Amino acid sequence: MVGLTPLSAGFSLPFVPGIGGVEVTVLFPLVTFLLILAFGRYLPFKGAYLGIVSTGVGFLVAVATVIQLATGAGIRHETLHTLVAGVEGAGVTLTFGVLIDPLSALMLTIVGLISLLVHVFSLGYMNAEGEIDLPRYYAALSLFTFSMMAFVISDNLLMSFVFFELVGLCSYLLIGFWYRKPGPASAAKKAFLVTRFGDYFFLIGVVAVLGTFGTAQFAGTESFVTMAETALESGDASGINTFGFGAQTWFTVIGLLVLGGAVGKSAQFPLHTWLPDAMEGPTPVSALIHAATMVAAGVYLIARMYGFYALSPTALSVIALVGGFTAFFAATMALVKQELKQVLAYSTISQYGYMMLALGGGGYLAAVFHLTTHAIFKALLFLGAGAIIISMHHEENMWEMGGLKDELRTTYLAFLAGSLALAGIFPFAGFWSKDEVLYETLIHALGGGSPVLFVAYALGLLAVIMTAFYTFRMVLLTFHGEPRTDAAEDPHAVSLSMKVPLVVLGVLSVVAGLLNMAVLKSVLPKDALLLERWLNGETVGGEFAEGALTAEHYHHVLTSEYGAGYTAGYGGLGEGTLALVGGVVALVLAVIPALVAWRLYGGADPDPHMTNLGSLRTLLMNNYYQDEYQVWLARGVTLPVATLANKFDQGLLDGIVDGSGGVSLFAGGRFQRLQSGVVTTYVALLALGLLVLLLVFAVTGGWL
Amino acid sequence: MLIELLLAATFLSALWVFVASDETAPKLAAWLSLVPLGLSLYMWTQFDAAGNGLLAGSEIAFETQIDWFQFGQYTLQYHVGVDGVSFPLVVLVTVLTTLAIISSWTPIDERQSQFYGLMLLIEMALLGVFTSLDFFLWFIFWEAVLIPMYFLIAVWGGPRRKYAGAKFLLYTNLGSLVMFVGLFMLVLGLGDSLTQLSLPAIAQGLQAGELSRPVFGLAGADLRAVAFLLLFLGFAVKVPVVPFHTWLPDAHVQAPSPVSVILAGVLLKMGTYALLRFNFTMLADVATSSPAAEIIAAVGVVSVIYGAMLALAQRDLKRIVAYSSISSMGYVIVGLVAFTPHGMSGATFQMVSHGLISGLLFMSVGVLYNATHTRMVGDMGGLADKMPLTAWIFVAGSFAYMGLPLMSGFVAEVLIFIGAFDSTVVAGAPVFTAIAMFGIVIVAGYLLWAMQRAIFGPFELETDYDIEPAPVHDVAPLAVLLGLIILLGIQPDLVYEAIQDAIGPVLELNSVFGGELR
Amino acid sequence: MVLEQLAFGLFALLTLASSLGVVLVRDVWHAALLLGLALSSVAIHYIMLSAEFLAVIQVLVYIGGVLVLFTFAVMLTREDEGNDTEVSA
Amino acid sequence: MSEITTLPNWTALGPALALLATALALLAVDMVDPEESSSVLLTGTSVTGGLVALGLALWYLFAGTGQPAAGQEAPQGALDLFGGALVIDAMSLFFTVIVTSVAVLVAFASHEYLRDHSYQAEYYSLVLLAATGMVTVTAANSFVTAFIAIELVSLPSYALVASLKTNEGSSEAGLKYFLVGALSSAVFAYGIALVYVATGSLQFDAVTTAIADGTPFTSLLGVGMVMILGGVAFKIAAVPFHFWAPDAYEGAPAPISAFISSASKAAGFVLGFRVFVDVFGGAMGVFNWVNAFLIISVVTMTVANFSALKQNNVKRILAYSSVAHAGYVLIALAAFTGSVDGEISILGAGMAHLFVYGFMNTGAFLFIALAEHWEVGRTVEDYHGLGEQAPFACAAMTVFLFSLAGLPIGGGFFSKFYLLFATVTGGQGLLGAALVINSVVSLFYYTRIVRALWTEDAAADLELTEYPTGLYIAIAVAALATVLLIPGFGVVIEYAEIAARMIGG
Amino acid sequence: MAVAPGWYLLLSAAVFCIGLFGVLVRRNALIFLMSVELMINAANINLVAFSLVYGNITGQTFVLFLTALAAAEVAVGVGIILVVNRNFDSIDITDAVTMRW
């Protein structure tokens, strides 16, 4: 298992290490981080170029890895660093290692790409704007890239947790970049704390996995995923410590615990509240961390150990329900937001809900697909928003904009491409992936799965409608109509370093959907579903020992008796037809609200139309009072309890300690009074003492 | 001979510093403290212990055993040596003392020679505690720690220093006395078979057989149980375990920061170290019996959560760190009682790790205080602009305290959790563990809050002088500690291997007593 | 025999009476005199217990030495000492 | 032992004789030169005499005088003198060492303390006479000699306490000490008389035999034992026979307080050990004196320690502390088990504690003497900030106080824990608990003084100009001895156990 | 022996108690001292009586010493009382109470 799998048919770029040297993607940013930390203020552009170079190298290595895997190289699974070597036969061993398979290679590429583009974009967004403390910014970005890449290539759950947390730290540092203002400082705290709450469950999960299986490896026959599967398949859970529970029940518990981490990081209900606040950070950071990569970590984590989740129908149902509900719930809030980045933030939450929905609905492929496309178009939207904000002199309220499409041509086009993708309009990337999510959920619901899946599917459909609406509302308010302010009349020009990433991502938003046009699977040749082939491991060479990581295998487990027991049903339409029908329905559901938005906000000087919503508007503007209840939990419950504990501690516990001193002193005063100074008293007490002794011992000694 | 050299060098250094002038004492003490530091590092390269020093079949490193005097039937010995449990703590002592001495240069501005002399004296006593293998010798050092610490708090402390010093002295002394009675019940119970008071002899005697002689009318298992209770109570004060912790916040808040560093960094470890040595090694059978194990686990969990809740309610930065020490020590208890490889070893590792991390936090709070003359969280704010390096190291230290991965605190906590979760000794171990783990959320809560208020935000403090970045000699110790924390976070096996080696034989005791080892 | 017992009783009574006198009389000087009486009667007991030598010593040391000392002390302190002779509890 | 064969037995009384001779010599010196303005000669003579006695005692002790020879069992080897009226054994020599050490220290310290006093020669000779009495007490082997020796201790002590004739406190202290002492010796004498009534004998061995043979007068024997206990308890200042102590210690000249509280107490204890363990060991059925001492011990330490808590006069704090230590040492009798295994350690613990206590307590009182010499005042507040003016003396005082409290800065640490060990050995849980609690309580008031010395700011007008040499030497020696008794505790415990075996065997 | 020793015991006890009574109730230092003398004499009576009973002179010897010591004690005591009298102008033992508590 361990050891470098020979690159049998590997393709290689000159001077660029691929799968065999994939550590470079991790180590380069780490070194960059240290360099910027130490010498940042002496580096050209305060470390920006260094960051670009290291992420660029990382991206190239990732691409090389993908190419090698695509051309028949075997996957790589190797332990690199032993954190804690357990003594033989006692205690688990904790290691760091790499696991490069199609999933991680894909994610690595996405992270590398977005990270590179964000670095480039930052040249214009940060350097050109004369921000101070730039070395800190670039150091944190590098640290983030390092952590995220390491998270992606993790070969075990503990290592995942380690870098999951580090990613959270970077998020904290970058949200709080402008720490002098109270807003960012507070938002950073909130982001870390809320995700920490999720990570608490995740960590229990990690510990439980280690306690149950003695290993946290993702891949190989000795991995916990395989051990769990074997245990359920053979019905023999010996060798696994299930702490007195039935094996499947216990696996469900573990799965749900780990899910806690994903819910926190991927901003799922009810731990989603940190993400909108996180928009206090610099916009490129929002693009990189709070849209495209870190937030994806939760979904990626579930996908990474999907073989384990596929064993538990309960866990999957919970995931689907959480995902579907979040998709719907966040979308409703996005409807009424006035700041550009807030709309995008809620849209992000909503989109990750889709991915969760897909995972819970049995659509592993769909989830990864949507993860990919979403990373691209959401990064694009955020970077576009960044460009707009710069040109609007840091104005974020959409009602202060309008009519920007003529002045900011490139930005407009790119932003539009992203918006179409987000709204799921054919043939942009989002259409394909979102549709596949809904399709997968639907067929498993129809296949006799849990009724929860129907509910989740319905919520997902409703979210489609709202997504299209708020997306177009955003585009129209920003770019169309007449300029509503002086700033909008005369926007700042967008620099080249900002335009290039927009263009690259814009193009990708159009074409990324072609990776897996499953809607058309009845028409297309089977080989056209590139992503499916990729995730099925069809391009990967070498021994199939690690085959448990393929989408095919997951599907097998998902549909097996011992696993989740999902079956696909097509409502009597047949597979291809249903896909097509679903696609059309989704498209229609997206187009109609888009037209409604056009109707409402397409004019030169649109009305807010918000009053029509009545009291619902207040509810939505206040985000269903989610923040309020969480603040209440912290301030209204936890803090008083802590204060009470403190009172108890100072009053009672410490009071007893101090009180025993006081009582002693008081007793001392009493005892002291015996010493009256008068000899007669002394003599009397002396005689009394003698008499008492005499009496006591006369009685006990039997002298009388 | 190296341990003797270590102790003698430290003691003579202390004497030298005592007679030095106030002007020369700070630098002199720092230079002199490099001697034990260098020696301990040299010992690291020569370290060759195997097994647990208290149990049969072990090899103790740097052992010296000389008869001292006869005490009834018992031969008291000068018996020192280190194993994988004690040696990391020895190095921790030398490292922290040197750094604490350097960080005292700024805040200590009167009676320097006495201050630094006492610092070196306490170092000697602490080294003695962790190297002694004879009970009475160990107990001398154990008690000797109190005297310099009392003066350090009561002379150089804050406004309520006298109260805090007296409380510390009286409370911990009471604990020692109770513990002493507990141990001697065992010693007497062993009867004539025991002829020396060396810890290995007592430990092996206890494992070898029943307690043949009744003490206070107790014999056998009852005697073991009562002695266990007394020992536990005694050490619980030192650790401190809730509800015996109330001396700690007072002592910490009143002590000057470098002294808090020693107090939190090493003194608290004396308690857990002793718990490991006495309760969990000598009386492993009691510790692993039900319901003792569950009760101890519950006590540990309560310490974790309750300590963290108290920290949440504080407004004084030092008090926050003080209470979180209680919380962190709770993890050690939880780990120890688990009686699993990672539980016990992780707990020991946590002693080292928490020594470094709490040292770092107290030290950086001290540096901030030197500049601002306030420790109230609400009074600060925006210090990251005024003292960037110190502030960011404080942030890093806070994250280390929260158990951020790749720092030693994470490794320690995760090992404890893994070990505790798996415990076969504690019924319901997963539940205990899960509750204890909630501590990581609360600790994040109060430290993030404190950072937000004290480090970030706009600068608001009104002073009639300019707040300058701290001088190099204030920041350098912080940086060194941070480096060590990260080093141990990435490569814990540097010390963890030795710890595991020494813990292994202890775990086998469980099976000796009929338990099973996972 | 009877005579001896009678003598014992008589001198015992004398001893007790004079002893009580020592502790009860108001005047210190009288107390000292009564003490001499009590000690003398004890000397008589000694004789009856065939410890004649001790009796002599008793008389010499106590009456001749101790009592003189007391007398002397009473002389030196008496005028300053007012009416502290009442029995106090 | 070879020395013994070459010396006649009476030379075993050498220490006592040396002290007595010195006392007489002092009077002679005074006769020759009554106008001695500088008391160097007097101090020198006393110190020399004391040192000779100390040296002789140490020599005998180390040479094995009064100890069982190889192959013998204790208590063989003790030297009977004057028909069994006196006995020189390891225990008497052990306590002679304590007494003479304290006497030497006190003589040294008195040099400056007495600078402007008259009757210096009388003072020194009274000290040495009292010391002679104490040494005799250690050797007493009959109630007659015991009583005489005790009186020989008491009478000079009364006079010494009252020796500051013009000082109200001193004379008041003398009066109280004397009155309670007179009463106690009457009780003691009556107790002895009752024992004689019951056994027909006053020589210790004969009494032991008589008790073993049985006596018809068990009630009288019991009452007599209780009364003898009273006499001993007065000497060691155990509650409720202690009331004289705080007042006498406070009023007396500080070196005399040191002398009485250390040496005189040790003498009282040696009598207690010999009388109760050796003589009345077989009379436990008549009067369970172990239980009596148990009660007295617990009450003594508790009453004394708590009384000291709110005390503001440093000398009085030490006085109470001294009473409390009597309670601690009483553990040796209170935890006495009668079984051979335990009793040796238990008795040895008490003796060892007395040995260490001799140095630390004397040292502490000598520090008071120093403070009185400086006239800084007598309350704790008056001691504020002395640490800065006189760091060395204050460091020594800190050593004494913490050693008294049982912290490992002096031999008091070992002896305190040896005593605690003894309570466990004796199975006396109550006693152990009392000792634990009282230790902590005592630590509180000891720290109060330490705190005053070091942590408080001095009064503005505090200015020490003179550092008296003799006092400093005495304090330094006491401090050094206290500290060295940590590594050297082995010797103490070794001889304490030999001494204990002489009576406990 | 013409009188049963028990009577001497009784006499002795009675004298002792009278002495003790005096000690407890009288405030005059001299009378205190006299009472103590009585108590010592009570002891003497016992010793002399039982010296006769046992037919040895141990008791008598001790009485001799006791007598001498009592005398010495009185001498010292009187001296102290005189000093107190000078300082306090009184030999009332309840007057000399500057030191208490």
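Chains: A, B, C, D and E, in written order; residue numbering restarts at 1 for each.
Note that in this section a contact is a pair of C-beta atoms (placed from the backbone, for glycine too) under 8 Å apart; a residue touches a chain by one contact, two chains touch by 3 or more.
None of the values given here were measured: they were computed from a predicted structure.
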| item | value |
| --- | --- |
| Contact-graph distance - origin chain D, target chain E | 1 |
| Partner chains shared by chain C and chain E (touch criterion as defined above) | none |
| Chain ID, smallest distance between chain and overall C-alpha centroids | B |
| Farthest-lying chain, centroid of Cα atoms versus that of chain A | C |
| Which of A-E and A-B has more C-beta contact pairs | A-B |
| For chain C paired with chain D, centre-to-centre distance based on mean C-alpha positions, whole Å | 37 |
| Distance from the mean Cα position of chain E to that of chain A, given in whole angstrom | 97 |
| Interchain centroid distance [CA atoms averaged], chain B/chain D, Å | 42 |
| Chain A-chain D separation of Cα centroids, rounded to whole Å | 78 |
| Shared interface positions of chain C, touching two or more other chains | 88 |
| Contacts with two or more other chains, residues of chain B listed in rising order | 170 |
| For chain D, residues contacting two or more additional chains | 175-176, 179, 183, 187, 246-247, 307, 311, 444 |
| Touching pairs among all chains present in the structure | A-B, A-D, A-E, B-D, C-E, D-E |
| Partner chain E, residues of chain C touching it in the complex | 1, 4-5, 8, 12, 15-16, 19-20, 22-23, 28, 31-32, 35, 38-39, 42, 45-46, 48-51, 53-54, 57-58, 61-62, 65-66, 69-70, 72-74, 76-77, 80-81, 84-85, 87-89 |
| Complex contacts: residues of chain E adjacent to chain D | 9, 12, 16, 19, 23, 29, 32-33, 36, 39-40, 42-44, 46-47, 50, 53-54, 56, 58-59, 61-62, 65-66, 69, 72-73, 76-77, 79-81, 83-84, 86-88, 93, 96-101 |
| Complex contacts: residues of chain B adjacent to chain D | 68-73, 76, 136, 139-141, 143-144, 146-147, 150-151, 154-155, 161-162, 165-166, 169-170, 173-174, 177-178, 180-181, 184-185, 188, 215-217 |
| Of chain A, residues touching chain D in the complex | 661, 664-665, 667-672, 674-675, 677, 679, 681-683, 685-686, 688-690, 693-694, 696-698, 700-701, 703-704 |
| Residues of chain A touching chain E in the complex | 672-673, 675-680, 683-684, 687 |
